[in-house]
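Worksheet: one structure, shown below.
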Amino acid sequence: MLTATENELLTRVGRGTPMGEFLRRFWLPALLSDELPQADGDPIRTRTLGEDLVAFRDSNGNVGLVDAFCPHRRGPLFFGRNEECGLRCVYHGWKFDTTGQCVDMPSEPTASDFKDRLRVKAYPTREIGGMIWTYMGPPELQPERPPEMPFTLVPEAERRGLKFLVEANFLQCLEGELDTAHVSFLHQTFGEDGTGIQTLVRNDGYTNDRHPRLFALDTDYGFVYGGRRAQRAGNYYWRVTQFLMPFTALIPSASGYTGGATIWMPIDDNHCWRYLVGGTRTVDKWGSSEPLTAARRAILPTEPGTFRFPDGVEIDTRLGKFRRDNRYGMDRQKQRTLSFTGIPFIPTQDQAMTEGMGHICDRTEEHLGSSDVAIIHMRRMMLRMLDAFSRGVEPYAASHPSLYRVQPLDVESDNAELQAVLDEYREQALIPA
Amino acid sequence: MLTATENELLTRVGRGTPMGEFLRRFWLPALLSDELPQADGDPIRTRTLGEDLVAFRDSNGNVGLVDAFCPHRRGPLFFGRNEECGLRCVYHGWKFDTTGQCVDMPSEPTASDFKDRLRVKAYPTREIGGMIWTYMGPPELQPERPPEMPFTLVPEAERRGLKFLVEANFLQCLEGELDTAHVSFLHQTFGEDGTGIQTLVRNDGYTNDRHPRLFALDTDYGFVYGGRRAQRAGNYYWRVTQFLMPFTALIPSASGYTGGATIWMPIDDNHCWRYLVGGTRTVDKWGSSEPLTAARRAILPTEPGTFRFPDGVEIDTRLGKFRRDNRYGMDRQKQRTLSFTGIPFIPTQDQAMTEGMGHICDRTEEHLGSSDVAIIHMRRMMLRMLDAFSRGVEPYAASHPSLYRVQPLDVESDNAELQAVLDEYREQALIPA
Amino acid sequence: MLTATENELLTRVGRGTPMGEFLRRFWLPALLSDELPQADGDPIRTRTLGEDLVAFRDSNGNVGLVDAFCPHRRGPLFFGRNEECGLRCVYHGWKFDTTGQCVDMPSEPTASDFKDRLRVKAYPTREIGGMIWTYMGPPELQPERPPEMPFTLVPEAERRGLKFLVEANFLQCLEGELDTAHVSFLHQTFGEDGTGIQTLVRNDGYTNDRHPRLFALDTDYGFVYGGRRAQRAGNYYWRVTQFLMPFTALIPSASGYTGGATIWMPIDDNHCWRYLVGGTRTVDKWGSSEPLTAARRAILPTEPGTFRFPDGVEIDTRLGKFRRDNRYGMDRQKQRTLSFTGIPFIPTQDQAMTEGMGHICDRTEEHLGSSDVAIIHMRRMMLRMLDAFSRGVEPYAASHPSLYRVQPLDVESDNAELQAVLDEYREQALIPA
C-alpha cells in the first residue's frame, strides 16, 4: 500500500514532476529503429514523458526528435517535408536539422540573421540495439551513451525488437514485470491454445512449489531479485530477475531469447510502451542454444497504427492486435478449457491486467502479500532515490552505462541464499566488457 | 425552479453525497435476473451509484456483486474465472465468494492466515420479481428484504422485465414519469406508426380535457398523485399514479400490464437505467383481463451491449435499439403524418427528451406550470427527507417493504377529490398481504 | 508572442468574456441560407459563441434562432415540430415563434396568462447575401443591419457560399488568413494535383520575390494590409487584403471570385466555421470577367453532417470531406511530386495547419518574423479595441454597415507606398453606395 502522495510521486512523469525530472537524467528508448525505416522517409508523431514530438530520419540516416510544433507560429511539423537533411514545415517553409537548428527560412529576407538564432526544441538521439534512444535532461548532465543492456550487444542479424502501446501508467506495468508469482496463474495454459506458446514451466519447481520465497539485493544499477522454488529432487529452482534503473527488467527465460529485456517507457502519465527486445536465438537455461522456431518468434502480433489520446492528440505507433478495443481476444469458452484467461499471448494477458486497473492504479486500496516482495523493494528504492535526487544526488546508474552488462538467471542450485547463487553463476550473470 | 444548490443535492448519487447516502438505505435493483442467466456463467461489469462492480452467479445460483478490482493489486475481476462457488482473479488466482470473503489464495504460503482476513468489497443481493436487488448501506441498517412492489407478486411465468441505459441523471427521468401532461403530446399518434402501439387514450378524457387538474397526497411510502380530467358524460376520468420512494412510479395502464412499474435506478450522476417490469397479462381499467398480444408485448426493442462511459470505463448492459447514436430512429416525415415525434416506441420518445436535456438538467432555468404539480411535490418531499436524514431520521419506507403493496388507478368516478377516489377504489389500490 | 493572459483575452468567446461580449456587438453569420432550405422544414442544431441553439425557418420563411432547450422543463427543441409559424416542443406542446414568444401552451388551462409572459431565448436574424445573420448583444445596442460586405451586393443568381467546421479557435484561423507569406509555401503546387487548382500565382511576383514587404493602414472598419513583391519588370506586384472587424478578410483573387470573403465565425472557444462566400463569376485582376468553370467552382468538397463536440453535444452542420478524421487526404507520395503538402484543396491545407496547432495555439511559444506584420497588427488592434471596450467605448464599425463596402486589390503598380496604391486604385477598392 502506498499513500496517495507516494502514488502521485511515483507515477507522474511530466516535466517538472520529481519522477519526470529523475527519468530525464537517463537515456530513454524513444522508438524502434524500424519505425523510421529509411532516410528522408515519412515523419511520425510521438509522445515521450508527456511531450508531443515529431521524429524523422534525415538524408544521412540521423534521427531528429523535435517539438511537434514549429517555433514560428506553432504549425504542426508532422505534415512537414523531410528533405535534404532537415524537416521543412509546410506552413512557411522553415526547415530544421536533427539538432533543432533552423537551416532555412525562405519567408524571411535573405539578409536576416533570425534563422541562425532560431531553434526548435530537439532532443539528442543515439541508435544502438535496434532502438533510437534520446536524452531529455539538462545538456550539461547528458551521459556519454545509452546503457549497455545485453540486447544492445547482440549482433544485429540475430536481434529482434517489438513494442506496443499500453493504456496504463508505466509503474503498474513494471510492477507486473517484477511479479514472479503471477506467471503461475495469469499465464497458465492447460493445452495448446493456438498462440504457439504452451507453457513457461521449465522444470517442476513451478508446479511443485507455487509459493516461491523471494529475495532482493541492491546493486549500483538497480537490484537483483530471486524467486526460490523447492524442487522434488531436494534442490532449488531459482529465477533471478535483473531490475535496471529506471524501468527495465531482464526476466529469466521469459521468452527463451538471448539478452531479452522488457522496457516500460512512459508515454505520459496514463500510457506507456512495452518494448520486448532481445536476440532471435534461443538459449536454454544450461547454456546450449537452438534455432528460433517460428512458433517461438510469434510472441505477440502487433501492427502499426494511429492512437488517439483522450486529449485528442494522435501519435503513429505500434499496437498489439489484441487489445482493449477487441476485449483482448478473450474467449470465455477457451478460458474454461485451454488457458487461465482465455486471452491469447502472454503480453496481451499482462495488458488486460494492467489496463484493467485503470490508468493509474489506486495503490491506497491494495493489499500486498508475501509474493510482492520485489514490487515493494522497487517502490522503496524509487522513493529513496527520488528523495536523494530532491537533495541534489544524481542517479549514479544513468552515467555509468557499462553497469548494465548483466543477465538474468534461470538455474537449479543447492544454494538457499541469493548471494550464493549469484556467486555460483557469476560468469553467466555478468557480461565481460 | 430549483437553486443550483438544490439541483446538486437532488442529483448527485456518489458515496458521501446526501442523496447518495440516502439511496444507500434502500434495497436497489442492480440487474435483471436474466442478465446472469446461469450458474458459473460469464461475469459482467456494472456500475451502481457511481461504484464500478462485477456481478457473477455462483455454482449455487447465488449472485455476487463485488468491487471491480481485486483487493490484492487491483487486478480487474471482470476477466476472472467463475468457478466452484467463487470468482477467481486471473492475475494471481485469489478467489472470492459472493459474500466477498477470500476463499483461496494460492500465491501465498499455505500456513498464512492472510486469506481469512481478506475480503473484497461485496454487497448483499436478493433475487425477487425477476430482479437482483442489492443493499449498499451500513450493514447494521440493512432492511430485512426488498420492497414488495406489485410486480414481485406476479407469478414468474406471467412476468416480464426489460431495462435499458439512459444517458441522463435519474431525476429528470423520474420527473418525466411523474408528468402526466406530456402523455397527451409526446406520445400522441395520428395513426398506426408501426410500433404496435396506437394510442394510450382509453376514453375521451384525454382528448376532451387536455388540462388535467392535479392532486397529490403524501403516504408512508411516497405519495399518490391523481390527474382529473372532465369527460363529456359529466363525470371524471382519473389517472392515479403511485410514487414509491426513492425512484419508482406505478403508472396507471401505461403499458396495460398487471403490476407494471418503472424504476429509475442511478448508474452514476450522469446515467441511469430505466427498468420496465410487470406482468405479461393485460388488465383493462375495469378489471377484466385479456391475453397479451405480440404487438402489446413489443413495447421497446432492446439488446445486450457494451457501454463506454466518458471516463473510459465499460459496462455490459442492455441498450435500447433506438438511441442517441441513431437519433432515436427519428423520421421527420413520420413526424408530419404519423406521430407527434416521428420517434418509434414510447420509452424511446421519453429517452429522446431526457437525454436531450443534457446529463443533468439545469433546473435554475426552467419555468414550471400548473401541470408540474407532481414534479414539484416529489422534489419538495425529497428535499424534506434529505433534510431530515441529515439530522438522523432514517427513511421509514426503506425498512417497511410491505408498504409497497399498492397499485395505480385508471378509473372513472363522480368524485372530484382524490381522497374520495382512493376510498372508492380502495380494494383495487391496495394489495392484501 | 503574446502573454498567456493576452492569449486568453483574444481567444475566449463565451458570454461574459471580454472578447465574447465585444463580438456580441456585431451582426454575425449564424448559418448559410441553404442550411434551412424551406419554410416549415427540419430544424437544425447549432452552436454560436458557445451557446447551444436551434434554428428553424417558419411558414413565412422567417428564421428563428432560439435556445436549444424549452424554457418549461428544458426539453430539447431540436425534436420540435416546425409548424404554422412556430416551433412546437414535442414534450408538452409549447410553441414559440421566431421572436421567442410563446404562442401556444396547450398543457396549461386556457385562462392562464402564463403563456403571454413566457419567452424562449431568441436572437434576431436577418437574411442577406445568402446568409442568416444574428445579433446576440444587448437589444438596445442592436445595429440597424448586417455589414454591407461586397458579397452581399452580388446578385443572388451569381452568388456562391460554402462553409465547413474547423476544430480550432477562430483566431489562429483568422491569422492564417492574414498571412500572405504562407501562400508561397503551403499552397504551392508542382503540377496538376487533381483538385482543379493549379496555382495561385498570377504573375512573376510570387516566384521572383518570396519575401514580400508588408504594410498596414488602420481604417474605420479594421485595416488594409498590403504585400509588396518586386517584379522582374521593375515595378511591384501588390496584394492588398481588407480586414473587416471582427473576423472577416477579403483576400485578393484568392479564389478568383467577385466579392469573395472569408469569415471565421467562432462556434465556441475550440471550434469555428470557415465561410467562403462570394460571386460565381471570376474576375481577373484587370477587371475583365470570364465564366466560372466547374474546376474553379470546386474549391472544396463539403458535406452536411453531424459533429459531436468533446462535451457530447451534437450539431448539424457542413464538414469538409477531407478533414482530420481522414488525415486531410494527405498523400506522402504526392507531397514528393505534386504539391508542397500532398493535401488536396487549399482550404483543407489551411485546416491541417490550424487544427494541427491544437484547439488554441500556445502563442507564448511562437517566434514571429517580418512576414507576420499583419498578424501582429490585427492582434494589437484587437487588444486596443478590447481595452477601449472595457472602458465603455463601443465598436464603431458594428453600427456602420456601409463601411464594409470595400474590395481587396491584386494589382501591379509603380508605387512603393500602400497609401499611394490605394489612391491609385480607389475606384476598384471602394464600392459606391
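Should a chain be cited, it is by its letter among A, B and C, assigned in written order, with residues numbered from 1 in that chain.
By our rule, a residue touches a chain if its C-beta (ideal position, glycine included) is under 8 Å from a C-beta of that chain, and two chains touch if they have at least 3 such contacts.
Treat the numbers as computed from the prediction; the structure is a model and nothing was measured.
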In steps of 5 degrees, what rotation angle do you get fitting subunit B onto subunit C on the CA atoms?
-> 120
Between copies subunit A and subunit C, are the contact residues mostly the same numbers or mostly different, with half as the line?
-> different
In angstrom, rounded to a whole number, how far apart do the mean CA points of subunit A and subunit C lie?
-> 47
Expected list for subunit C, residues touching two or more other chains, is none
Which positions of subunit A touch subunit B when the two form their complex?
-> 172, 175, 179, 181-182, 184-186, 210-211, 310, 330, 332, 335, 340-341, 343, 349, 352-353, 356-359, 361-363, 365-372, 375
What does subunit B use to touch subunit A in their complex?
-> 42, 69, 71-76, 78-79, 81, 90-93, 105-110, 112, 114, 118, 312-313
